[in-house]
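One structure follows; several queries about it will come next.
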Amino acid sequence: MANSKFEYVRLFEQQDGLLPNTWIVVRIDGRGFTKFATRYGFEKPNDKRALDLMNAAAKMVMTELSDITIAYGSSDEFSFVFHKSCILFERRASKLVSTIVSTFTAYYIHYWPTYFPDTLLTPPLPSFDGRAICYPSVQNLRDYMSWRQVDCHINNLYNTTFWSLIQLGGLDAKEAEKTLAGTLAADKNEILFSRFKINYNNEPEMFKKGSVLFRDYELVEPGTHNAAEEAENLAIPVQQSKTQAENDKKKRAKARVTVEHLDIIKDDFWDRRPWLLSNKPGKVPKQT
Amino acid sequence: MANSKFEYVRLFEQQDGLLPNTWIVVRIDGRGFTKFATRYGFEKPNDKRALDLMNAAAKMVMTELSDITIAYGSSDEFSFVFHKSCILFERRASKLVSTIVSTFTAYYIHYWPTYFPDTLLTPPLPSFDGRAICYPSVQNLRDYMSWRQVDCHINNLYNTTFWSLIQLGGLDAKEAEKTLAGTLAADKNEILFSRFKINYNNEPEMFKKGSVLFRDYELVEPGTHNAAEEAENLAIPVQQSKTQAENDKKKRAKARVTVEHLDIIKDDFWDRRPWLLSNKPGKVPKQT
Amino acid sequence: MANSKFEYVRLFEQQDGLLPNTWIVVRIDGRGFTKFATRYGFEKPNDKRALDLMNAAAKMVMTELSDITIAYGSSDEFSFVFHKSCILFERRASKLVSTIVSTFTAYYIHYWPTYFPDTLLTPPLPSFDGRAICYPSVQNLRDYMSWRQVDCHINNLYNTTFWSLIQLGGLDAKEAEKTLAGTLAADKNEILFSRFKINYNNEPEMFKKGSVLFRDYELVEPGTHNAAEEAENLAIPVQQSKTQAENDKKKRAKARVTVEHLDIIKDDFWDRRPWLLSNKPGKVPKQT
Amino acid sequence: MANSKFEYVRLFEQQDGLLPNTWIVVRIDGRGFTKFATRYGFEKPNDKRALDLMNAAAKMVMTELSDITIAYGSSDEFSFVFHKSCILFERRASKLVSTIVSTFTAYYIHYWPTYFPDTLLTPPLPSFDGRAICYPSVQNLRDYMSWRQVDCHINNLYNTTFWSLIQLGGLDAKEAEKTLAGTLAADKNEILFSRFKINYNNEPEMFKKGSVLFRDYELVEPGTHNAAEEAENLAIPVQQSKTQAENDKKKRAKARVTVEHLDIIKDDFWDRRPWLLSNKPGKVPKQT
């Protein structure tokens, strides 16, 4: 009542609901992480502690937001995927992005001492920005994921060679950059092997492939499911009964989120994990 | 190159630049803070430590983002105002919102032990969501700020009476709610005074007025500046020379951010602080 | 140059490109057509001349904009569908909507004398508004088309019965409305038949099914093509070579646009006309 | 009922309400008018009949949509301005743009025979596209209007000289273009005068200044009103009582729309016509 004179300002809020029946990707990126990495002495070209911390934060994001079906991260970025049938927060972009960014940041700060026990975090603190993108088809979504993983590979091969030239070859940054200018992947592999006896294939999977997070159910035989087609045929935002949806949500919430370093470009990864595209919880693996 | 096959997915990113020459408000809200407050035993109706922590986090947001001219917070929410001429991040909504939400969250987690030294923060961690709203005129912006401060007052008067009835009057929540149903402000003041000898006017300013954060320059005499009109007459997103803009930015970055509990509804607050609307740095007060 | 001082105002234009890889439907509606129909003495419940005029205008829209694959109209509305791979006008919503609305209106006015030779059109002239909607999947698109055709059927059955009660049964509007309140389709069929010896099934197809417009190629055997799946698998906005795209465009531009009154809800319609979903021109039928 | 299975498709319609309290400009442009002008033998550099037809169509748009306060046109484009307090169609962009484009097109086709009595219009018919842009301040709006009028002047001076070189000077298009390359306004004036005895200042006002349309009230003395400031101080989308708003609307609807060729860049035009910015109907001039 007393409030009504000013309350008209609410009319200025604009709708930002994302198109229904599309896959939502929220990608977050570290802000000014080059400087941040230098300040805290991150190892080059990859700091395992820093990547583990990213993964730990991402895992908690997936645990708290059970509508996320898969996440992929490398370096200082992470992509979180909401299933196309997701109606969380009425699909409002700002709500989805801000919630993920905030939750991720909270755990990044919280877990810092676990991964960097000897280094106190002081202002300016690390932070992340984010954006939401809609993908209409499974192919678009998989191409997005492939894009990020190819990018991880390209950057890592470059950085591995670059830092080898500096750390092992004694070059300075400019010389290393010049050496790599115009080189193809094969050239970089060759430099690594001939100069430093480094076989790039033997580099850690986490560095080469990045990290993929998903709920851990029993793998299925490829060819036994058709989750992609099933997903494409899903037309209506919510088709399930409320009970079914609630049950599925509970099952997802219970499932363990696992962190792997697998190829997500080839079909096999998706064929064996139909729940990623179908959004139907799989079979919980027996505890051993 | 190798990347190009998948790179088309970038075309799906949609523009979200906010309308130029409008005031941008980013409001963030605690997610599930009622539950969170209970879990960590926040004092009712107001927990000074929790509010101080909010203010400390907001202060760091303002310090790191010098384009913010003023911020206002109460309870578990905070509003940050970017000047209408601001071109930070090309005014992209998702970038502005996610950066503020992430920075705020980082400091909230980081400073938790300072304000709650005896309470360990454990998952699920507190987090915030956010949204951006554009206001075309100074009046709209001031009405927005007034709306939040009136809201703070209404809620605080209600909560103060509600919790007095419970903590001092021995009522349970239902009884207290029933007692307050349909009461006006005067009735609540009366209940507080007649039953509990509480004069609401003597309650702490932070609880009654919320917290307003701004850069601390020397106050001016009301009537000597005309910042509101000046702001309205600003038509072009960037009018300053680059050098001037850089200088102003540096000055703003240097200025101390202060936390006050003032009336921001009346003209006086704005008249004495022309830099809030003009975006021109004021005179730095002498250190005493 | 001389212009530059004011040219900054261009920065206020906001992007409105529609999400790639989705079907775009532009639906236009007559503005105030109830009043307009009365003023020009349109026959009730359907005026064949008015519908033929709508169809003639829609046909010209499809002829001029060869990116439209199918259109559907009934009463005073028309829906135009752009293939999901369409990149016309960079998919800008305002450009797509305004071009269709303008072209449609131009022909509606222009052809008026052909369909209403005895009635001079005078101000206020008929006009249309429009909007664009994106549908991510073939199923969504077909459900949209089905929605409009079911709507046509429901309205037409109601109107046919309503106007029979008035024109043949001597009721006034209020009595007719009351008679129909709460009736199901079967009831309306029964009223038509028992009171007026009208078998609704024998009503003109144009009235019962609306009008569907598409380019006229040779029908194929159902089961021989899989256009829907093909369309779903299309992921990239433009996959064709420029030459191929140009060739297809020319073929489409040459094809005759036909106006039919068919069931577009069942699969058969789509199975026999794979070009509607695949966007690949079919075989031009032999002239007889 | 029967309809419900498909009706979910309505959820895909996205909101496109324009920011409240901003001036809305809808600009429409002729599609392919260079070709169209050639086909119908428009006189070069300006065809008075074609411009009069544009103005006649624009006048009817303003007459039918009384929320438009001012319109400005030149060549094959027209800009229509809705007052910042306008709430027509809930400020939905697609509805505003499509309605204006459709109404304009209807009258353009309808009035064609009046202005081109000897030329039959045949397909492809002329059509227009449109877009909506929001301007937060009076200054932004006036700068937009100035931008269009400066543009009109620049183009007209160029075209007048270009066509003089061809029509009077016997040059071909390439030679004329070459002659004008790099010339300033003064140079073009000089060419016109020294070669063809044309004093550009004596060219028709409609060609030099374009056409401005507004409701015709009695001019006021500059300095007696402060409509710009009044407009800036308007903060709430609808402040008037419904009765007052209805009355004003009726008054506006009754006022005669006039077509002038005035300078709209200088203050004088706006100072003498406070109703353009205040949206308060002026005094209807006495009929003489």
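We call the chains A, B, C and D, going by the order they appear; numbering starts again at 1 in every chain.
Here, a residue touches a chain if its C-beta (ideal position, glycine included) is under 8 Å from a C-beta of that chain, and two chains touch if they have at least 3 such contacts.
Protein names from UniProt, one per chain: A, B, C, D = tRNA(His) guanylyltransferase.
Please read these numbers as outputs of a predicted model, since none were measured by experiment.
Homomeric contact chain C (tRNA(His) guanylyltransferase)/chain D (tRNA(His) guanylyltransferase) is classed as same-residue, with over half of its interface positions used by both copies.
A centroid comparison over C-alpha atoms places A as the chain most distant from chain D (tRNA(His) guanylyltransferase). Centroids of chain A (tRNA(His) guanylyltransferase) and chain C (tRNA(His) guanylyltransferase) (each the mean of its C-alpha atoms) stand 43 Å apart. Chain C (tRNA(His) guanylyltransferase) and chain D (tRNA(His) guanylyltransferase), compared by their mean Cα positions, are separated by 31 Å. Measuring from the averaged C-alpha position of chain A (tRNA(His) guanylyltransferase) to that of chain D (tRNA(His) guanylyltransferase) gives a distance of 50 Å.
Counting partner chains per residue, chain D (tRNA(His) guanylyltransferase) has residues 8, 12, 14, 19-21, 134-135, 140, 143 touching two or more of them. Residues 8, 11-12, 14-15, 17, 19-21, 236-237 of chain C (tRNA(His) guanylyltransferase) are the ones that touch chain B (tRNA(His) guanylyltransferase) when the two sit in their complex. On chain A (tRNA(His) guanylyltransferase), the positions that touch chain B (tRNA(His) guanylyltransferase) within their shared complex are 2-3, 5-10, 12-14, 16, 28, 31, 60, 64, 92-95, 97-99, 101-110, 121, 123-135, 140, 143-144, 146-147, 150-151, 154, 185.
The touching residues of chain C (tRNA(His) guanylyltransferase), when paired with chain A (tRNA(His) guanylyltransferase) in their complex, are 19-22, 84, 134-137, 139-140, 143, 232-235.
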